[in-house]
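Chain lettering (A, B, C and D) follows the sequence in which the chains are written, and residue indices restart at 1 in each chain.
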Amino acid sequence: MSSDIALHDPFEEPARQQVAVSFGMWSFLATECLFFAGIFLFYANARWHGGEAFLNGAGESAFWFGTANTAILMTGSMAMAIAERAAKADIVRLTRWMLWAMLALGLLFLAVKGVEYRKDLHEHLFPGPDFKLDSGPAEQFWAFYWAVTAVHAVHLTIGLAATARLLWMDRHVSLHRHHSTVMASALYLHFVDIVWIALYPLLYLAGRQ
Amino acid sequence: MLPDASTLAPRIDHLLWLLIGLSGAIVLLVVALIIGFSIKYRRGSTAKRGQLPGWLARDVEIGWTAAIFFVAIFLFWFAATTETSQYEVPKDAMEVHVVAKQWMWKLEHPNGRREINALHIPVGVPVRLVMTSQDVIHSFFVPAFRIKQDVLPGRYTETWFQATRPGTYHLLCAEYCGTDHSQMTGGIVVMPRADYARWSEGTDDTGTLAQQGARLFQRLGCTGCHGNSARVRAPSLNGVYGRMQPMNDGGFRRADEQYLHDSIVRPQKDVVAGYQPVMPSYQGIASEGDIILLIAYLKSPDGGDVQ
Amino acid sequence: MSEGIAARDLTRPDYLQYGTTVRSWLTTTDHKRIGILYAVAITFFFFLGAAAMALVRADLVTPSADLITNDQYNRAFTLHGIIMVWFFLVPSIPTTLGNFLLPMMLGTKDLAFPRLNLLSWYLFIGGGLLTLFALLAGGVDTGWTFYTPFSTLYSNSHVLLAALGVFVVGFSSIATGVNFIASTHLLRAKGLTWMRLPLFVWAMYTTSLVMVLATPVLSMSLLLVVAERAFGLPIFDPRSGGDPLLFQHLFWFYSHPAVYIMVLPAFGVVSEIITCEARRRIFGYQFMVYAMVVIAVIGFMVWGHHMFVSGQSAFASMVFSFLSFVIAVPSAIKVFNWTGTLYRGQVRFSASMLYALGFVGLFTLGGLTGLFLASVPLDVHLTDTYFVVAHFHYIMVGGSVSAFFGGLHFWWPKITGRMYSERLAQFAAVSMFFGFNFTFFPQFVMGYMGMPRRYHVYPPEFQPWHVMSSVGAVVLGFAYLWPIFYLGWSLVKGEKAPDNPHGSTSLEWQTTSPPPRENFDRLPVVDAGPYKYHPWHSTPDEVEQSHRPQLP
Amino acid sequence: MKEDRFSHIVLAPLKSWAAMLLLLVVTAIYAQTPYLPAKLVVNVVLAMGQIALVATFLMQLRTSRMLVRLAALAGLIWASFLFLFTFADFLTR
């Protein structure tokens, strides 16, 4: 069963390479965790010092857009998990369907995000001279909102590019042989989902009283 | 060498020479060991090279580690005790307000006297510096007094010193602040008390900080809401300085200089309990200098008690 | 010498002859070639940064602004800071000697992710070009620390480009770090347990831990500066309640572990050189390993000692001051153990040994002045003065750079297969030692007398010290240019290097030099600890090569 | 497709997905209804619960080696250093 895994240079047997790819990906996700810890520290500091005005700013966020997007991304993450397990078990059609599902749900998430951005811009919620509320902590919440959702969107786009690449590979070579690539992409997308799960209460539930 | 012209300076020098002594001893020990061992046991020399007893190596190692750990803790304790005495500002200190601006220092005495890049102070009187910046981070550094404190925009930072020797000492900006960072220097002139009294006589007629603050309190329209006969509901500011204020979102805040500064510049941040956040922000209208005058007025005995 | 792992058949090409077209070099995934690609890149950046400092040191000879204007001075010292920290010191030992030697010391063919290793080099070059473009297009005048609100609101220089350049080069060191950690965990040779690893491998492992876990926070802090400066998001803007200290916390959370990224590899190199040249087993191997691990972990908890006067709370200053004193203990253990290794050894004064002994002396002085800066009241007087400049140059230049030069000379025969002239190299080492001390010791005295950092125009009473420092810089400059000649000469005309010129028992010396593409013909099996020199009443050359690997 | 493979490949992710959706609904409702105590703490705890679900089941941390779990934990531990010491400054200023 394991003899047909594609081997890369320094490794002799596939099980060892599997652990290496998983360990390498998780180490990279540790760096991503610290990367987002930086901007969460900004949120914690702004919320601690901002007091009431910060929560007024948070009240302006679009609750239903956020909740819908969280559900979409969770479903996409599940689809990716099924795709990765199906690839390991060499069930080609299920893997292909689930990868397409992930791609579709990811693009849907970005679309919903785009609509939300347009609504926010329409309501003058971008920090600047014509900011809707009084400048100060409220403006800081929206500075966090735009910065973190933009960085998260970039990460999700990279994840969707990886999924597209898997679908392109699927047409030329058996994904079962390249299961470690599928696993790496799945881990990355699960992490993007984890960041959004952490962001959801901070962005959309903070302002609700 | 560097004059020690403040009460803090001798203590800092004692700590310095203690550390120089300790470090010098350790460096000499290490260098002597290296040179000694290298020459004695150079390749081909006939020095005795028997096997080292195992326990000796380990015990020497643990002994050295424990010694260094003890020295480190002792130094931390010694430095910490020197520092804690510097944290309490003496009550009777003379207050000087400092406003740092890109590439100049503006200093204001309590009696309203203003100076640019210079500070005249009497010898032997503790001076408390309340500092803020109008643009970037600067740092108030007087090497002769061994004091340095960054000056942050949007916040009051404090330090204090007590000059012990008359003379003129360098005032330098120690935090990089742009093109003319190295020209942002000045002088601290420490004068005997008699000379200082004569110097500060010649104040022009602008009056003390509190009097200037009172005029500004009227001109900026604060009385419209905070005056006793005002129609709009706003907290009375009579004797507000130092009082614990209940906040709208629960909890208490002491109305110190920082709170008064923030309430003028960002009124929505901490609203007093029972009031609406309706006060407009004076960001850009009242400069840092004006805010100092307003706060000096509110700290004066009958501050805020006006029709 | 002993018959190494690889039988000496000349038909097999070594890694240098394996492909000689430029394309073969630019698309190689061989860790040895990537090490050389990095060596070429950082040498260029080293001399670019040194040129900026030559300009500054020349101008500081006079108290007034004679040679260059204030603005040019600010951009010159910022260029020196950014290039030297991110484009020379952080990558110096891990990406050149580390890339080349780690797989050989682990006894494996290559690193865990060879393509990721090549991507790391391209990220380094990409970040380098971005930063070079920023510096040539007009430069940055914020200092390498990018403090807000100056860098976000008040500076009108190419802060965005420089911040993006450093952002990209951060990913290069993350990629190298992940590669080293995965290789050390998963690719060790048979019988090579954790406690039999050479200290150089431990140094690479602990450095990679710090690189991987600290760099992302730098990337985020620079990203927030870009977000505020380019899009006007009020993150650090004091007018809307932002806190400039938040940026300093984020920046120093990376930048203090960064100084351990720079010095930990130097520990590894010096341990290898001193044990080989003194023919002695390392004194207290466990203590050395635990010292490095403790430095790597506690290194993340001490960054507040950069902010004692910046308005940080008194309590936090006390906590950071205490932890800064505690972290001095592992460094003291290492210095003592290097000194102990010389005891009853067979010391040979080769050029690399002179660099290593110079490192131990200068690092001791640098580390102890760190204790001055760790005590809060002294730091209030000394921070942001030339005392701090002298302190970190003693550790980075006196320590890390001289260890890099020592390692370069020690492994030169293995990397290039050529020998260099020992006499000239010893002269270079000694002249660097004196040139360095002559340049930076006056700065300690000047710093205590109150000469602030980053001053273009300074009070005249500091001029004699500045003149001394600038003259010393000329000697130091000569000492850095000198190796180019004799090492360059050795590449062209140097005599062929034997497989094991220093008689080292370390794994990388058991194969041919330069090594073949797969490092070893048969993957070695390790049966004992790393340093089997212990002379036991024997003369140096009778050190039995017990390291000859048995057939698996 | 045999029974146990079907449950591992499809059912297990479906179950954890359902659990996550449930947690999402609970946290959304908890935040919306007024006058409930400690909204921030409850939201954060529920979010951490969802994250733990994703990490252990979807990312199969439960069945992977100790080495991989350490890598997963390292990120959180070092991030806590950043928060711990930075708030040691903010809270006591």
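By definition in this document, contacts are C-beta pairs under 8 Å (C-beta built on N, C-alpha and C of every residue); 3 or more make two chains touch, one makes a residue touch a chain.
Keep in mind it's a predicted model, so treat the numbers as computed, not measured.
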item: Top-ranked pair of chains - ranking by C-beta pairs in contact; value: B-C
item: Whole-Å separation of chain centres (CA-atom averages), chain C against chain D; value: 38
item: Distance between chain centroids, defined by C-alpha means - chain B, chain D (Å); value: 44
item: Between chain C and chain B, distance of the C-alpha-averaged centres to the nearest whole Å; value: 36
item: Separation of chain A from chain D, taking each centre as the mean of its C-alpha atoms, in whole Å; value: 14
item: Set of chain C residues in contact with two or more other chains; value: 185, 213, 217, 239-242, 245-246, 249-250, 311, 314
item: Shared interface positions of chain A, touching two or more other chains; value: 19, 23, 27, 30-32, 34, 37-38, 41, 45, 49-50, 135-137
item: Sites on chain B at which at least two other chains make contact; value: 266, 269, 283
item: Touch relationships between chains, expressed as pairs; value: A-B, A-C, A-D, B-C, C-D
item: Interface residues, chain A side, partner chain D - complex; value: 19, 22-23, 26-27, 29-34, 37-38, 41, 44-45, 48-49, 63, 67, 70-71, 74-75, 77-78, 81-82, 85-86, 89, 91, 94, 186-187, 190, 193-194, 197-198, 200-201, 205-206, 208-209
item: Chain C residues touching chain B - in the complex, by the definition given at the top; value: 70-71, 74, 141-143, 145, 147, 149-150, 153-155, 238-242, 244-245, 278-279, 283-284, 287, 309-311, 314, 317-318, 321-322, 325-326, 328-329, 332-333, 335-337, 339-340, 342-349, 357, 360-361, 364-365, 368-369, 371-372, 374-378, 380-381, 383-385, 448-450, 452-459, 534-537, 539-540
item: Contact set on chain D toward chain C in their complex; value: 67, 74-75, 78, 81-82, 85-86, 88-90, 92-93
item: Residue numbers on chain C that touch chain D, as the complex places them; value: 185, 213, 217, 245-246, 249-250, 253, 300-301, 303-304, 307, 311-316, 319-320
item: Residues of chain A touching chain C in the complex; value: 8-11, 16, 19-20, 23-24, 27-28, 30-32, 34-39, 41-42, 45-46, 49-50, 127-128, 135-137, 139-140, 142-144, 146-147, 151
